[in-house]
Amino acid sequence: MVKNLLILEILLPILVGCVNCLNRRSGLIYLITSLALSVVCCFSIYIAFYVFSYGDIHYYFGGWLPPVGIAFKITKLKSIFAILISSIALLNFLQGKSILFNELSDARIPGFCGVFLICVAGFLGVVSTNDFFNLYVFIEIASLTSYALVSISSNRDSFKAAFNYLVIGTIAATFILLGIGYLYSASGTLNIDDFITKMPGLVNSKLIKLGYYLLMTGLLIKSGLFPLHTWFVDSYKASSSFVLPFLGAVSSKTYILLIIILNYVVFGQDYVSNNTRINLMLIIMGAVASLIAAISALREKNLRNMLVFSSISQIGYIFIAIGLGNRVGVIVAVIFLISNIFAKASLFILTSHIFLLNKSYIIEKLDHLKERMPITVALFMINAASIIGIPVTMGFLAKMGLIVGLIQEGRFFILCLIVFSSLISLLYIWKFLEYFLYTKKGSKDIESPRFNENKVSIFVVVLLSSVNLLCGVFFEEFFVFLNNMIF
Amino acid sequence: MMNLYYIAAFVIVLLCGIAFAYGSKIENKNPTYMAPIYLGAAISIMLTNNLLIIFMLFEIMMLSGTFMIFGGRSNLSRLAGITYFKFHILSGVLFLVGAILYYKEYKNFEFISVDLVSRLHLFHYFLLASLFINLAMPPFSSWLIEGYSATTSSGSIFLSVGVTKVAIFLLIKIFLGYRYLIYVGVFMSVYGILYALFESNIRRIINYYIISQLGVMVIATGIGLSNIEMNFIVISEIIYIALLMMIVALANSNLGKVFKVTCLIIFCAVASSLPFTPGYINKFLLYQNHFVIETIWLKYMISAISLGSAISVGIRIPALILVQKNNKKPNVVLSQKISAAVLICFTLALGIDSESILGQKIYLFGAEALKQIAIFISALLVFAILSKPLLKARSYYLPKLGFDYSILLRKIHFKRAVNLSYMQIATQLSVPRFKQNSEVIISVAIYTLMLMLLL
Amino acid sequence: MSGFLFLLLVTPLICTFLSCVLHKSKHAMSIIIFVVSSFSFLASILLIKGFLDIGEHLVAMNFLGFISMQLEPISLIFICMVTFLWSCTNLYSISYLKVNHEIIPTKFYFFLSISIFVTICIALAPNLVVTFIFYELLTIFTYPLVAHIGGDKECKSARIYLYMLMGASMLLFLPALGFLLAHIGHSDFVIGGIAKNLPVGSVTILFLFFLYGVAKSAIVPMHFWLPEAMVASFPVSAVLHAVAVVKSGIFIMLKISVYIFGLDYLRSNIFSFLDTNIVSVLCGLSLLISSVFAIYQTRIKLLLAYSTISQLSICLLAMSMFHPLAITAAILHMVSHAFGKITLFFASGYVYSSSKISDIKDFAGLGNKMKLIMAMFTMASLSIIGLPIFAGFISKAYIYYSAISQDINYFVLAVLSISILITADYFIKVIYIIYEEPKVISKKAEVNYSYKLHSSMTCAIILTFLGLTSYMFLYDHIVDLMSLVAY
């Protein structure tokens, strides 16, 4: 029964999405989409409970067993991510009603909702699948729909950015496909579990190595690691503020999860550390990413752009953690992923509502925001604290774990770099917060009326922040949970 | 027994000083309130043997002394008080370090005399440095010159018998017989006399005289006179320097002819160490000592010091007072006359009947007496010859040896340089304060309480 | 005993709650908060008594079943001092807030109480990670008190305050903590220290990282935040930047030396330099530099700030001798300086409330107008210099005593003596100016300095001054308590 839920949670959004495109009434479509998303969320929660109690779930398409058939597999880690993806999608959708209806015309909303649902399905599929080619299919589904989501925006640059995203994303997908092809030709199987059993025999194969590198390159492009991040910045800058919390929080994080699974489960650290030099490369690029992105964020006067750069900086940290190559690294990377998903989603949601009410992202216009939107500013502070790494948030646990891991590996230079970049993150976040909290001399003493903050979005952000804070306070239990969760 | 004499000396000075200040209508009474604390602490130092308690009492003396100088409210008070404070903090810290090193060595703060033939320990150096600062050895003497000139004239009576005498007392206790002190003493005396020649403010001249007399006492310590003799020297210095300061203070008032002449003659005699004065007894004790008789240059040095002090102070100050133009000055009060008279009596008593304290025969009419008189007459001659330049009011002054703290202070503390006018002869008269005289009684009460606590 | 602990922790939280609830009647709020805070002092005294009854060196307590805390003599003395002086500050603020209307009582009491709560938590933390968490939180919660008024100057100074403190902890404290965790695995406070397993040769560098990372102890390169923090109001400067924040820095350093490194280990392994160890030399340098800076200040708050920095360096200098007597000396000095400095701040605040004078030059003649307050000001400053009748002498003499007790530490003797000289220098200037006649009779001379106007301020000043004078008795108790510490 549960196995069917696995596939249902992918199929349902696709079907509903397709049906949506046919209808015209935007209010009804919105309702149906929300219902579908909540159902998917419930499915994923149920699946996670099942996985934690009974172990991994496998689903074989059409009853065909591997290595012949296509399989789905959910482990503990993947199930948690499935919950995260679906819940962020749901929460984003719920709170964004006013923004959505503000940004798009009534006629385009059904199509948008349909595309959104298919995107969610795509990401869920990426997380659930156990087959290489299926993986590629779902990656493509997710990517195509995300190109579409980026382009549906009232921003002037959205077309160009989406086109850019399309081109680079297709290149990345091509790399992935090539990689998968080589892996298939070397091992003879597309099933990941089967591939794992075949790996020890294929350790010296050059084909495997090539396949691995190609696959990694494609996934790295999609995650937005440093030299390959330009599309990331442009597309997120240009996308609509409804899409940004979902895409910005979820998309690159899913690919990073894939990279983690690839490095630690599929190929295994023995292969990766001995035969490839990817760890060193990831660490260096991650450190450089965090530093340079932080410096770029420092120069930004636009709130949303600053948050995008800060995302890149955090992705740098995650890659350093992945590159460490030991268990500490994995745990830290997962904490970073989770905390970033929560914090960035909240921050982008808050930003979108700030934009909705103040009509501007520029720092000078957001002067003394505390008078107008006090709860928003308070929640902004809590989530920003998670990004900077202030204690009692998850971000602090992640940063601390990263430092411990780096010292254990003896990489002191990288330690210096990330410590500097976290200091810079304090600087660029605080610049904005200071404007929010206190009036500056140059601004006119206009009367700042108290805005009506959207109750739903506040509730959503409070939910996300409280999970963040709870995990930060009860960190011992959280660590136990993570240890249990990771392979 | 000796302690009793010391206490008596301090008490006499205290009471005379209070009576003197009480009578004065124009001066600040503020220094007088600190006087019992100051002198009470001085007495207490003499009664105890514990280095840590001595340190604490030094600090109390420093605080009260600083407030005496501040209370003077003259133009100099700010700078002088801060200088006084700083130098004494330095000496206090050095003393504390010495005391602690002593404790480390002997596990006890009680001081036992150590034989100085053997090597000096480390703590000795610190204690010596601290005592030198308290004795106003010339590189570190600016606190005395500035400080004692900055209080009221009656305040300077108290100050002059305080820290310096206590320091000499401690020097006797710890370093009696240390030969190098002789050279230090000679240096101090010569410095005092030389600088006194170039000053024209009588209060500053008398301060230099104090330094030169301290130098003589240091020479005596270095030579190693017996304990009784040294104690006598210190006690007599307490009384007669208080007298000299009082006479200088009297220069502020309108004195009757008889009183004026009496005072000036006594001043002259005491400062030049003529027979019948305690200064003569001190010189006699010095001349009689074996070591001085053997060391010829020291004998002549002591005579030279007598000559110099006669010229620059003994004869010069009375001359300056006589020559001074008659400004509007208040009349001298009865209490001031009485206190001056009492001190004169005690001085002369010490000078005439010193045998009861010393227990040895002093020849008041012997060879040394003739020598002193001869010195005095030659001083008179020199003064007569050089009277014109010596009596002229100078407009420059010799640069001080060593570190002149006041310049540094001026730059750091006060952006505008304080106008230190060395040319005024009497004290700066400030706004009259007519405080209740009952406050004086309260301070006396505090002093007696302290005395009883430590006895 | 756990009841007292509960009372101790709950009282600041109650004050926080009260400050929100009672915002209608501000005067009543001040009085009620003062009464409630005095209970915390009572609780700390009873806690000490309970600790003495148990008689162990280190007592671990479980609060609410899952929060573990640790009591030992150093933290008990610290808590006692903080709660007493906090109650005095609340008493002081009753009048201060009545007169100075630019301070908003709700915000003031809220953040003040929370900061005191966080300080108490720092004292009770069982390991260094928890200490670090609360250390960072202390910075965050004291920031709104520094930038209270919200003008440009306050914002700029508060920004430097925040950057400096968080920067030092991110760059230096956190990596050092990470190093500890990486090599030892935990950072619990244990008798005898846990540092024996560290790689040889890293002790000095690690200790220096901690020394400069805990920027709240204001060693010279890391001291810039303290003069900047003086834009806060007088009660804040008094209790936070003379007592709670800076003393918590010293406290953390003491705990690190005694319970993480262990005194014997430090004594034998730290890098020696100039016949004493490098930590002494650095502390001595900091002492001299900050004392010299203090001479040139013309504003009373900055003078007191630099004087605080130099006295803190004396505490660190005492600690750097690394034997039991020296630790006791450091704690004695910590307490005596706290009392003296808070009296000075209170007295200056009194002057400021009456006539808005904050420049030393304008203090002229106040000695005759406010005899009682200025007498206590004078005596407190004489105590800080270290003159015999007052408290500062006892603590400085104890430092001298500990310097000679094992091998004579000439460096410490010399530096301490020089510091006494320089301290005397700048304080005697202020004392003279207070008692001299003003040259120019300005309008400020007609201000009413009556005691009844600011009665609670007077009471608070008298209270702290009494603490100063009764230091003889306190000294006995502190030494008794410190003899229970096991090294």
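Note that the chains are named A, B and C in the order they appear, and that numbering of residues resets to 1 at the start of each chain.
One rule holds in what follows: a residue touches a chain if its C-beta (ideal position, glycine included) is under 8 Å from a C-beta of that chain, and two chains touch if they have at least 3 such contacts.
The structure presented is a predicted model; accordingly, all values stated were derived computationally and were not measured.
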Contacts common to chain B and chain C (chain labels): none
Taking the mean of all protein CA atoms as the centre, name the chain whose own CA mean is closest to it. C
Chain A and chain C, separation of their C-alpha mean positions in angstrom: 45
Centroid from C-alpha atoms only, then distance chain A to chain B, rounded to Å. What do you get? 87
Touching residues (chain side chain C, partner chain B) in the complex: 295-296, 382, 385, 387-389, 393, 397, 400-401, 404, 408, 413, 417, 420-421, 424-425, 428-429, 432, 435-437
Along chain B, where are the residues that touch chain C in the complex? 55-56, 59-60, 63, 66, 70, 73, 77-78, 81-82, 85-86, 89-90, 93-94, 96-97, 100-101, 103-104, 412-413, 431
Going by the contact rule at the top, pick out the chain C residues touching chain A in the complex. 129, 132-134, 136-137, 140, 147, 150-152, 155, 159, 162-163, 166-167, 170-171, 174-175, 177-179, 181-183
Show me the residue ranges of chain A that touch chain C in the complex, using the header's touch definition. 385, 389-392, 396, 399-400, 403-408, 415, 419-420, 422-423, 426-427, 430, 434, 437-441
